[in-house]
Each structure stands twice: as structure tokens, then as C-alpha cells.
Amino acid sequence: PNEIVVQRFFGTCNAQYGSQTDVAAAQTECGIITTLINKFRAENPDIKVTVSTVAWPGYNQLSAQMATGDAPDVVTMHESAIPDFQSRHLLEPMGEELRAVGVEPDNFTEASLKGVTIAGNVWGMPFDTWAPLWHINMNYFRQAGLVRDDKPILPSSPEELIEQARQFKKATGKPYFVQALANQKPAYSRNLYTYLMQQDADFFADPKRIKLRTPEARRIVEMFRTLYEEGLTTRDQDYAAATRGFMNGDGGVYLVGTWMIGDYEAESRRPDRPLSNGYTVYPYPQLFPEKDATFADGHSWVMPVKERTPQQRQAVYRLLKFLADNNFQWARTGHLPAFTSVIESAEFKALPYRDNIAKIALTGTPLPAGVERRFAIEDTIGEELAPAIAGQKSVEAALFDAEHRVNDLLFHVLATSGEP
Amino acid sequence: MSVAAAHVTDSRETRSGARGDWSSLLYVAPFLLIYIVLVVYPLFSGMWLSLHKADFFGERVFVGLENFTRLLADKVFLGTLWNTFYFIVLTVPALAIIGLGLALALNRTTRAAAVLRGVFFSSSVLSVTIVTLLWRVVFIPDGGFIATVLEMFGKPPVAFLSDEDLALPAIAITTIWWCIGLPMMLFLAALQQVPKELYEAAALDNAGRWKTLWSVTLPSIRRTFALVIIIEIVLQFQLFGQAQLMTLGGPNNASRPIVLFIYEVGFNRWDIGYAAAAAQILFGLILMAALAQYFVARRKGEA
Amino acid sequence: MAELEIINVSKTFGQSKVIDNVSLTVGAKEFVVFLGPSGCGKSTLLRMIAGLETVDEGEIRIGGKRVDALPPGERGVAMVFQHYALYPHMTVRENMSFGLRNVKIAPAEIDRRVAAAAKMLEIEHLLQRKPAQISGGQRQRVAIGRAIVKEPHLFLFDEPLSNLDAALRVRTRLEIAQLHQRVDAAMIFVTHDQIEAMTLAHRIVVMNNQRIEQIGTPMEVYSRPATAFVAGFVGTPCMNFAPVEITGASPFVTLRLPDGSMLETRVDRKALPEGGRFKLGVRAESVRPCATGEGNCSGTVKFVERLGDRTLVYVLLSDGTTIVAEDAGMSRIAIADAVGLRFDSAGVHLFDDVRGYHAAEGA
Amino acid sequence: MAELEIINVSKTFGQSKVIDNVSLTVGAKEFVVFLGPSGCGKSTLLRMIAGLETVDEGEIRIGGKRVDALPPGERGVAMVFQHYALYPHMTVRENMSFGLRNVKIAPAEIDRRVAAAAKMLEIEHLLQRKPAQISGGQRQRVAIGRAIVKEPHLFLFDEPLSNLDAALRVRTRLEIAQLHQRVDAAMIFVTHDQIEAMTLAHRIVVMNNQRIEQIGTPMEVYSRPATAFVAGFVGTPCMNFAPVEITGASPFVTLRLPDGSMLETRVDRKALPEGGRFKLGVRAESVRPCATGEGNCSGTVKFVERLGDRTLVYVLLSDGTTIVAEDAGMSRIAIADAVGLRFDSAGVHLFDDVRGYHAAEGA
Amino acid sequence: MAAGSMVGRTLSDRLILVAVIVLGIVMVAPIVWALGLSLKTNAELMVDTSSVLHAPYTLQNYWDLVIGSPVFRWFVNSMIVSLGMTIGVLVLSSLAGYGFARLEFPGRDIIFVLVLFGLAVPEQAVIIPRHQLFSELGLHNTYIGLILPGLSTSFGVFLMTQYFRAIPREVDEAAMLDNATRFQVFWRVLLPMTLPAQATLGIYTFLHAWNDYWWPLISGTNAQMYTVTVGIASTQINFAESAGLGFLMAQAIFAALPILIVYVFFQKYIVRAVSGGAT
């Protein structure tokens, strides 16, 4: 039969889902993607789908495979990683063929479309959009008097944020924020991106140069620094500790991505827990009047440049079509669907809290298309901001170093010959 | 008989060592071939690469020593040099001394000692992923093992992994825990070579426990001591997994070792020319450290 | 006063007894040699005296004081090991002064003692060297020097010469004997070389199978061995043994050798236990070759060993027994010659054939 | 026919010559011992014969065939090493058959030879053991067995006994001598122990400083040493040496000993080169203690060594020269006695004091 | 450390033993902790890791491991790679060690020193060119490709050379007189004498190969070629190992098990070797 190799992250859970095809019954990223592919296999016996699972995020391995000329047929890729591979001519443009199988790029949400489009072409099929969110412990919020109409009162300016945080701490004795600040770089950068975007600061006017020595950036870092200094956030937790900590009532708002919604929702239904009947989730509130925006990224499916038979090519697109058709199922993970039609569907709206966050499909914004090495940039910025927020380095110096290092990094990205 | 003829030359050479015999090379040839292809060639290839601005997939531009001058101006890189040295200072003496201490205590034939030797060796068997995972649980201030203990004494928790001054020491402790098996084994092997009579002579010479340790045991195993130090310096120079998995080099680059830098530059930033240059510097440093140690040990040994 | 008393001492390693109820007294300034075959327990006994092995049963007293519970350093003994056991990383001087520094003797005194010992042993020029840089014989002297500086009342030597080559061994043996005359101490010396034992000892303690076979002066041990074992072990070549029948009438017995020839002795019939089985023991020096028919018996020369000053002749009797006889250095006897043998009846010993005890001797 | 011919052989290691133009012929079935002090080149010469060292100059022939370019295995010689060099991981049987299997001898024949050798050496019961499980003496026998099974025409032994203890050494020495009588082969035996040399050899090759000092039968070497070196090296105790002045008139010379006493000899004045300086050499056995005033000279007893069958008396002359004299085993002489010494003039040798050559002897 | 049986049974000796036992407990505590974690459900751990201290325990994670992941396939891969590398290293190091210790050839000592330099070459300095080379040779995703880099380490050659040097030359000479060819001397006589060193080297090579992550990750990229370490990493549900902690620990224990078993069997050689005598 016709064989294609699908490479993905999201882990392995064959013990539970290895032979399941009932997608609706599956939970978690791993469970849903596994059953989806099982189902596809069952429905398309003429195609042999080989799944190769890689450790997150798998780009080292992918690079190695591409260098060897042994790439898989279709791969999961963060939209933020697409420019790196695309600029090296390692990906196939997919727009036309997607359209041909009935996956209409016009149906992509705005955030998704931005994520996969470079120079007018579509380089991947978006699968979801995800963004950092405010996961909220409503029980504490209520205690702190920050609930109105069963909705949390969220700040609308940095000053208000700090004010409310102080009020929260006074009332509950707990810090307002739960954050994974230890051993975790990207969270810092994503916060910065979001609030720079809200100030409409064009920090990547030139995709080869970042601008961080700006009052906008300073304002943001200083806000987080104040929160840290006054103990209005948990400190020193790593990702696992923070994730657990929020569940165990360590604080009011946990800044983490869409993927945790399912777990916390389930927790809120357990009795006698800090989150019992007291969980909700919102996009980052707009603290600056200029623009309603949230930094967002998404998972997408891309096709490495590779020789394929027409049948294989067709098989890949059949799979992509199948995944697109089942995008709602994937959205049950907490990620936002990549397709407008799904977001607007009643089915999706019926999922808990999705109403609150659906707007991210519009407001979610990735970095400008031409920016390469986004993972490295995220890390670099995170490395510099962490000590600034923890008070080990001056804000000025941190922003200077971050800007310098990012620009140095981008300066040394070899220009490739020819236009993509 | 050609084999027989080779014999004569062989015996001739074993003592006089003047003339050569190419057929002897056959024994070392398989290894040398692999060594040349997989170490020497890539090493030189890496050196050549370090003179280029090069992308993982893109083309290469010869830039001479630019990567090196860039490195010397790169605060992060210079920081990694310091971190690496600091880490070596933290771990190598500790590994040598603790390894020796354990070897001394466990150099006996009882069953308990055998079990304990197994215990102290067992951590070496775990992969770095697991080791770091375990120790993150120990260090994390929020419900971590140490924090819980401190709490029992009414002390506030200490944030080892997010404190600039404590991150590297915490990684060092983890590393010592993980690596203690090898030096212990090497020392045990060495201790068993020390003639029993020396200890008896020392006992008759009224030497107490510490005196015996200092004046008889230690001098007798000083070669092994040097070997352990060299091996550990070489190994710890290559610190990578622990830092990547426990702190990602942070906070504020305080725990980024040089190898992690190379990894990040090469595989996350695809700036492989730059990474290659850093690798060359690492190679040079290890070589210098090993040679220095070797010569110091040799001079002392011959004195 | 006795310097060392060993009282009913026993020692067991695991299942096997290696010292079985041994008692011994060594006088002040006495030179005692433990002689015996490999594995008989000499080293173990010595090491128990030094404190390097525990004592399972019995007592050890040094200078009148019970020491068997004291650590080695506190017994006031010094020991010289077979493989020297010098500290390889210390210079000769440091090797010698190590033990003194450990008991906090004043540096000036240490220097004095080391200098004196080095002078006595003629190793002054080696004081700055390390053991690896000196020869085997020199190492042995350093080991002795290390013992001397402690000025002990009892020296213990465990086969100190067995690692030296023949010439050096003879010389060092002499030096140890001279050392003993110079220092005011008792010495115990372990060896399995009977020449060493004979030349050095005031008294020899012959050990075998975990016990003492005989204690006596070298001459006593040589000329009146208490057992066949001692007789065979002491003296080169080994004493000739042959089963004999007692035939003669009173007062003196006549022996029938295995080849049937008869040997008259001056052993009193009455001195022998009744009905025992005996074997003859006679040293080569008491058997002289002579013309065939002249001596007590005769045989063919199987083998001739020329030692220069004397010649050993191995003579095969008709029944297959070999008797070693001694001839002059210039002996003309050659292999396959037929010779007679004349026994010096004063040198004839009789041993109990079963238990090996000395039963009687000639003259 | 000569089994082995060594013709003008030299050997240099780096800068230093270790064998200097040596020639030697060994007859079939002859037993030759290389005797000499450590480092004189004995092992090197032996190893050149075996093919373990190259020959720089000269020729080596075995059984008439030039072999110095052949590999060791093809020279038809077998060698026994000082440290046995058994293969530790093979059983005794495997050790012995290894060399035979390498030349593809039929298994039945191998078994036969191994069985025969094991029987001869009395190691049949050890065939299944590994070297670590047997004693030193047994290991040495296995090493010899490994040589025997090859049925070589030439055996080479490099100090095979020096690792054994004294008693075992004497026994094994005898066994090697008997082995030689049983096998049809020449043997070369390296040692620095002169007793071994004397007792084993048909001919002794005394080596010193890279060259041969003397080749001769044991008796020749003992009683007519070619040089002072040989005289001193062969015989225990070492020959007494003393510088002397020639004073007597013709025909026989009289010697003035260092203490001034005079010794008449039967050395012909004419036999001595004119104007040379000489030293006296005399063995202990040719010097007998006697009452003071009776002998040729007198002195004080410094030291007495009792060897059982004889006693060595170290006598200090008034000028500080020590002369060793031999007395009977039962000697009553004690330290500090004043004794006279009587020289047996037949045992007196004169050596050229500078070059050491033998100049004349008594009788 | 004690001299004779007399010295060393003292009180302070026992104190030291007690101290070492305490240290040993501290040493194994994390491992026991890991074992505990592996016996808890993931959901429970997500809420609170200290639930390790009390029941209920379950073997579910191990069961999931056995039925749910291609762990046996990885296991076989790891075995092939680790054993292949171990055998390869032993063969190459023994040959080369013999060569450097016993044979004479032009430039031997210089070549030996150059080989020792290899001890100082970090993997990172050569991994990129190596990867490219293997691409050109088409060696990725093959067992050979996974094994080869491990064979280039100098440590084994160093160890074996030292060991061969410690064997008395008389043994070689005896064998030569026994008509053994040079290869027979090596193979039949000397090699069996180096068994303790082989055991040590074998253990370390196996350990290294079994735990190696970096090279297998980028060379054995085909899921069929994953080794245990790479495979286990690929099963991780998310990037920070916060979910599925129990499962992860079960995998870790599972991966360490073969090595522990090997260790238990060879422990006496490990201690004895490295510098031990020849007989």
C-alpha cells in the first residue's frame, strides 16, 4: 500500500489509546491525536500511515533528518518555526493543493493565517492557535472582592493590575499571580510580546532588528518587577510546580497556555479542592488602550521538501483534509481551532470557557512573518528578563543586553540566496 | 614463512626499538582508521568550519578568525567559560575527595561493604534526564525535599535553581551524586594495590589512623589520584545535560556551561561556524588542563 | 630476665589451626631463629608477637609486661619485613625517622639516631634517595635501619634475606649477626633456610605443622635432632634415612640395612624401646666412600656433586636405597663407579619409624 | 659433533655493549652453566641463542645449522624462564601442549608426550589445574615439562631456581641434573649462584663484564681460577685475598703478609713475572686454626659461623686484614679467642694485583 | 585500610561504617523516590507528588510501558547498539592496546600520544562534521551508524595499552618459543589474561552506549531505529515533563534495569581491574 510517514510531538499514549478510534471519547492532546490517526487509518485502508513520535519540540531531529535527506512526509511544526525552515527552502508551499482538497485557506482564522503565511504563500496547514491565558481561581477572586456578575474583575492598566494584586493579597494572603519563573524562558518573552503588541509598539519593524530599549518595554518589565518585589506573584516555581501549585491554590491567576484548560476544568469539578466550582479562564486582559492583542502561536502541519509519488502526495492531503475536518475534536484540548467555521460552530461554543477566549482567533498575533529563529529569540529575551524581574539586574541593562543579543543573533543568520 | 620472518623482526624490535616494521601497524590500524575518520577528520573539519560563517543548511562564507574575535567579545560566551571553570572547581575536588573517602571506608570484604559499593555506584546507572528530574524535586523551593526539611526547622525555603549564586552549586551537587561511582571504583582498585605490609610497617611505626592515611595510603595512590582528576576534569568540562535540564543555563546565564552554549548556538540558532569556534576553544582548554595535570603529576611522580 | 614469653599461644584462621598451643621464652639479648618449612606458622607466630595478628588463646609478655592486647606500635618491638615494606614515596631518611616522629621524639634526637644507624649500616650517602633508587641489598639495610632507630628491646625479622641474591645474602647474614652483637636487644629471626638458622642463632626453634619440634642451640639441633623431621630439615645434604632391622645381641645392636648388609653400632640395646620399628639416620659426612668390599656396604655411584671443598657421592645400594656420602674436594670418583661405604658409627642415629622421635644415637 | 657454536658474537643495547666478541662451543649432551654476577650479560647471551634477541655481530649455529636469522620457534630449542612464564589461563596440560599444537603434532602424540613428561616430573595429578592453583616448585616443574615435551636438542634455563626457596632449590637442582641424564639433549643453564654451577655443570662459563673470564670444568674453575675474579666468585666462603710482598730468595718465594708475618711457599721464583705486584689468594679450607704461635700467623677471632659439618672462623690479623679459616664442625673456638693460622701451601694462589690474572699457585 | 586482623576493628571504624550507611541512605533516597513515583498514577501525581508516601500503589505505569509503547523494539535496538559498541570497543582497543604495548612500528609513541589527545575531544566539537559525513556515507538510521562513533573513543585504547604493558614479556617469549605466531600470542595467550580489564572497559562502554542520547537522537531519527533513551524522550506528553511523571519514572527505572543487572554480575571485576596484576 501507499505509505506515508507522519512525524509529530504530543507524546505517546498507546497504552490507553493505541487501538481506540472513538475520537469523541479521547482526552488530552496525545489521546486525541492518537485516536484521530487511528480513525484515519481505519477509514483509509489503502494508506499506510507510519507515525514517528519525537521528543518535544523535535526540531533538532527534524533538522538532522532534513540534512540527511530523510525527512518525513508531514510534520507538526510550531508556526513560529516555519520561517526558519521556509527560508532554507526546506518546506513545500501548500496553499493550492489544500484548496484543491477542500481545505480553504480563507477559512483559516486570522491568527492562523498570519502564522502560516509568508510572502503570500501558505507553508503549512494550521491545526490550532494557542496563546498564554489567565487561568483564574474564582474562589480566591470572590474572597478578594474581585468578582462582579460572576465574572472576574480584570485590570485595564498596569496600575490597576498592581492595585488589584495588592487587594487580592491582603484579602487572601496569597499572591495574585502563579507563574513558572524558574527554568522556563519563553513565558517572559510571551508576556513582553503581548504587552508590547497591546501598546502597538512595532518592535520588529525590521525583521532583522528588534527594538527593546523603549519606554513601552521598560513599562512592562517594571510592572512585572514590582509584582515580584511585592510578593504578588509566586517565585521560584518551575513549570511543574506552578501547574500543580495553581491547582493546589497557590494564587489567583496562573499565566499559562491554552492546553491546561481541560485539566483545570476537570479539577474544578472535583469536590473540596481549591478550584472546586471556581475556575475560569480569559485571554490576557488589555492593559493598554492602543490595541487588543495577544501574542499567539499555533501548531501546524508542514510538508518537508521531498520526493514523493503522486499517490503519497495525495495521501498526505487526504490526511490533512481529515485533520481539518476534525479540527473541532482537536480544539477540545483547549487550543483554539484553526478554522473560522469551527470557532463559530455551536459545538465549539458549547465547550466550557471557549466563549471567553474565542476572540484570540482575531486578536492573536504572531511575530512578523520575516522574523527567523523565534525560539532562540524567545530564549534570549527570557534569559535577560528573568534577572531584571527578579531584581538581580537593572531593567535598563537587561533590555540593552536582550536587544543586543537578539540583534547579534539575527545579524549572523546567513542570508540565503534568492527570494523565498 | 612470512609470519615467521615477522617474528624475528618482532623480537628484534621489542628490545632494540630502532628499526620499524610496518606490518605491526595492522593491529592498531582498525582503531586508527576509525579514529582518523571519526575524530581527527571531524576535528579538523570543525576547525575549518570555525573559520566560516555557516548555516546548518545555508552556504558558507569564509570569515577567517571573525568567529573567534566575536566569541571573545561575547559576554555570554565569556560567562560560560567562567561557569565551566567554577563548575570544575566545585565538582572535581569534591568527586576526588568523596570518592576517595568512600573507597577508604568500603575497601573491605564484608557483605555490607559490597552492598554499599553497589549503592554508591547505582546512581551512575541512571540517565541524565532522570537524574535531573529527581534533583529538581529535591531543590524546588515549593514543596521540594530540601524546602520541606528547612520548613521543619522553621527556616524559609531556598530557591536553589533560580538563585544566581546557588544554581551552579546545585547542579554541582547533582553531578557529584550522579558521578561518584567512577572515582570510587578507581580508588578502590588502587587501594587494593597497596601492599598490606606497608600498613603493618606503619602500625609498628606508631602511626595512627590519620597519619597512616596521610603518609602511607595517599602517597601510594597518587597516580590514581592524578588519573581521577584528569578523567573528571575532562568529563566535567563537558557538562551539558544537567544544566540544560535543570536551569536552562539560567538564571541570568549563571549556570550556562560552554557545551550548552555550543549546543544552543549550533542547534537552536543554526550558527554552526560560531558553534564550531566555541568547540575549538573548549577542545583547547581541555587539552591544556589535561596536559598541565599530566605534567605536574609526572614531575611529582618522578621526584 | 626473659625478654619475651609466649605462653600456650594458639591461633586459628577460619577452620584451620595454624599455631597450636605454643610456648617459648626468649632471654634478653638472645638471638632466636624460627626455622621450618613453608606454611608451618613461623610468620604467624612472629606477627602475633608484633601485634599484627590477634592472639586467639594464650599470653604474650614482653619485658615482663603482658602485651597481647596492645597495638603494634606500643609493644616496643621493631620488625623487618621480607619485602622490606619501605614507604616508597619517602626518602631513606624519612623512612627511618617516620616512626620516631610519630611518637614525638625531639628532632635533634631523631637526627642523632638516624645518623648513627646510617653510619652503622653504611648507608649515609643514601639518606636523600628514595627506595626505588637504591639496590635490593641497600633497601634491606634501610629496612633494618628503620628498626634500629627505634632502639627496641626486641627485633623481629621475617625472612629478611630471602629476596637477596646468594652473595648478598651471605654478606647481609653476617651483618645481622654483627648488628646483634652491637645492639642491646633480643632478636627473633624467621627463615626456612637452615644455613641461615645455623649461622645466626643462639637457639633455633624448629617448627613443623603448627607446633614446635625442637628448641636448642644450632649444635644440639644438628647433632642431636629430636625428631626425624628435624634431622631431615637441618643440614645439607639432607640426612640419609633407611629403614633398618635390629638384629644384634646385647649390649650393642647391629642393624640390617635394606640391602641386607650389616652395620655394627655402639647403641645400647637397652636404650631402645622394645618391639619398635626403627629407621637409621646418618649424615653424608659420616659416610665415606672407600674401595669396594672394604666398608659396611657397597653400591654404584649414581651421581656426583662437586662442591669444590668436598664432593657428594650419591650411591645406589643393591635394593634401590640411595645413600649420600661425602668425599674430599678432589675426589676422583665418577658416575657408575662401584664403591664401598664406610659408616662412622658415632654419627648413626636411630629414629622411631612411626612417630619419628629420636630413639638413640651412636657414640 | 658440537650441538651449539657461538662464533664471535657481539651485542649492543643502545650505547652499551653487553656481549663483546664471545665464542663458545657446546657439545651434544653437554651441560654448560653460564655463571657470573648480575648484569654481566648471561641472560642476553642465552636469549640470543633462543632467538629472543637479535645478534648484532657473529654467528650462532645449532646442530651445524646457522640459526641466527630464524625465529625462536624454529631453532629447536626450549627455554625455561626465571618467573616460569606459564600461561595463567591455561591448565597445566594446556600449557604443556600449547607449543605442540602450534606445530600441528597429532593429538595422540601430544598426549603421549605430556603424559610421559608429567610422569617424569611427578605432576600427573596437577594436569587439570591452573598455574595459580599450584605451588612455586610445582610451577617450575610445569615450566620444565613444557620444555621437555618439545623434545629439543638444546635446553636453555635462565635462573630457573632463583624463585624457589632454599630446600626446594636443592631438590630441583638435583632433578635437573637427573633430567639431563635422561634426555638426549645439551643444556645451558644460567645462574649467578656458584653452588648451582658447581653441582650441575660439565663445564662452567664464568662471565664478567660482557666477556668470558674462564671456561672449564667445575674443578678447574675451582682449583685453578684463571683470574682473581673467578677465584673470588666461585666457592663459599669467598677466597681470602691479601696483598703480599715477595721476599724470599730462589728457588721458592716467601711472602710477607700485610701483618708482617712470613709465609713460605713452593712457588718457583722464576714462574713469576718480574717487578709485578701480587696478591695472595687462599681458600678457607686451606687455612686451619691452630694454637697461637704455632701457625704462619695469628690473630683474634672476630666471628664464628657454625655450619654443622664445619665451622668458619673469621680471624682478624693485627693489621686489620680478615682471614676466614675452616675448622671442624665441632670446633670449640669462640669469639675473641686468640688463634694461630696455618696455611696449606698447596692451596696458595698468587694473582697479578693489577690485572687480576692468575700468576702462580702452590704445590 | 586496616592492617592485619588486629588493627581496624575499633570503635571509630564502626562509626565510619555507620556514617557511610547514612550517606548511602541519602544516596538511594532519590532512587527510592523515583521508584515510588513510578508506582503512582499520573493523575494523583499531578495534584501532589508527596502522595508517594502513602498507598495506593499501582503497576499501571509499567503495564502501560509494556503494552503501550514500542519499548521492546527500542530495547532490542539499544541492546544491539550497546552490545555492538561494547564488542567493537573491546576488539579495537585490545588490538590497538596490544599494538601500542608490544609492537614496534615507526612513530608508535607519537601516534599513541595523538590517540590520547582524543580523550580531550568533546563530542560537541566533532558532532556536526560527523553528522554530515554519515549523511554522505548513508549511515544514518543504521545500526552501524549508531555504533561507529562510540568506537572512536581513546579511553579503551589507553586502558588496554596500560594493561598489556603490565603483563611480563616473558609470557610472550615463552609463546614464541612455543611456535606461536604473533597473532596467536595475542589471541591465545595475552588476550585471555586481560579479562578483568575487558570487563571494566565493557561495563563502561555499555553504560555509556545505553545512556547516550545526543547522537542516537540525530542519527537514528527513524522511529524504528530509536534507542531506549530516545524513545522514552519521545513519549513525553509535553515539554516540561509535568504530566505523566509516574510513567516517566517507570520508563527510567526500566531503562536502568539492564545496566544494574550487568553491574551486579560484574561488580567484582570492576573493582579488581583497572590496574590489577596479570595473574
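Going by the order they are written in, the chains are A, B, C, D and E; count residues from 1 in each one.
Keep in mind that, in the parts below, a residue touches a chain if its C-beta (ideal position, glycine included) is under 8 Å from a C-beta of that chain, and two chains touch if they have at least 3 such contacts.
What you see is a predicted model, and the numbers here were worked out from it, not measured in a lab.
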Problem set entry | Joint neighbours of chain E and chain C, given as chain labels | B, D
For this session: Touching both chain A and chain B: give me those chains, sorted by label.
Result: E
Seminar exercise, completed: Of all chain pairs, the one with the highest number of C-beta contacts is B-E
For this session: Select the chain at the greatest separation from chain D, using centres from the mean of Cα atoms.
Result: A
Exercise. Taking each chain's centre as the mean of its CA atoms, how far is chain B from chain D in angstrom?
Worked result: 56
Seminar exercise, completed: Cα centre of chain C to Cα centre of chain D, whole Å, reads 25
Exercise. Roughly how many whole angstrom separate the Cα centroids of chain B and chain E?
Worked result: 15
Seminar exercise, completed: chain B touches at least 2 other chains through residues 4, 7, 11, 143, 200, 202-203
Exercise. Where does chain C touch two or more other chains at once, residue-wise?
Worked result: 47, 51-52, 71-72
For this session: Scan chain A for residues touching two or more other chains and write them down.
Result: 60, 67, 184, 238, 240, 244
Problem set entry | Residue numbers on chain C that touch chain B, as the complex places them | 47, 50-52, 71-74, 77-79, 81, 83, 85-90, 98-99, 102-103, 146
Exercise. In the complex formed with chain B, which residues of chain E make contact?
Worked result: 1-4, 7, 12, 16-17, 19-21, 23-24, 27-28, 30-31, 33-34, 49-50, 91-93, 95-96, 98-100, 102-106, 111, 115, 117-130, 133, 148-149, 151-152, 154, 157, 169, 172-173, 176, 181-182, 186, 207, 211, 213, 229, 232-233, 241, 248-249, 252, 255-256, 259-260, 263-264, 267, 270-276
Seminar exercise, completed: chain D partner, complex, touching residues on chain C are 37-38, 162, 165-167, 170, 174, 177-178, 192-195, 198-199, 218-219, 222-223, 233-237, 283, 285, 303, 305-309, 326, 329-330
For this session: Would you mind writing out the residues of chain B in touch with chain E in their complex?
Result: 3-4, 6-7, 10-11, 13-14, 17, 19-22, 24-25, 27-28, 30-32, 34-35, 37-39, 41-43, 45-46, 49, 102, 104-108, 112, 114, 116-130, 133-135, 137-138, 143, 177, 185-186, 188-193, 196, 199-200, 202-203, 209, 212-213, 217, 224, 230, 234, 237-238, 240-241, 259, 262-263, 266, 272, 275-276, 279-280, 282-283, 286-287, 290
For this session: Please give the residue numbers of chain B that touch chain C in the complex, ascending.
Result: 195, 197-198, 200-208, 211, 215-216, 219-220, 222
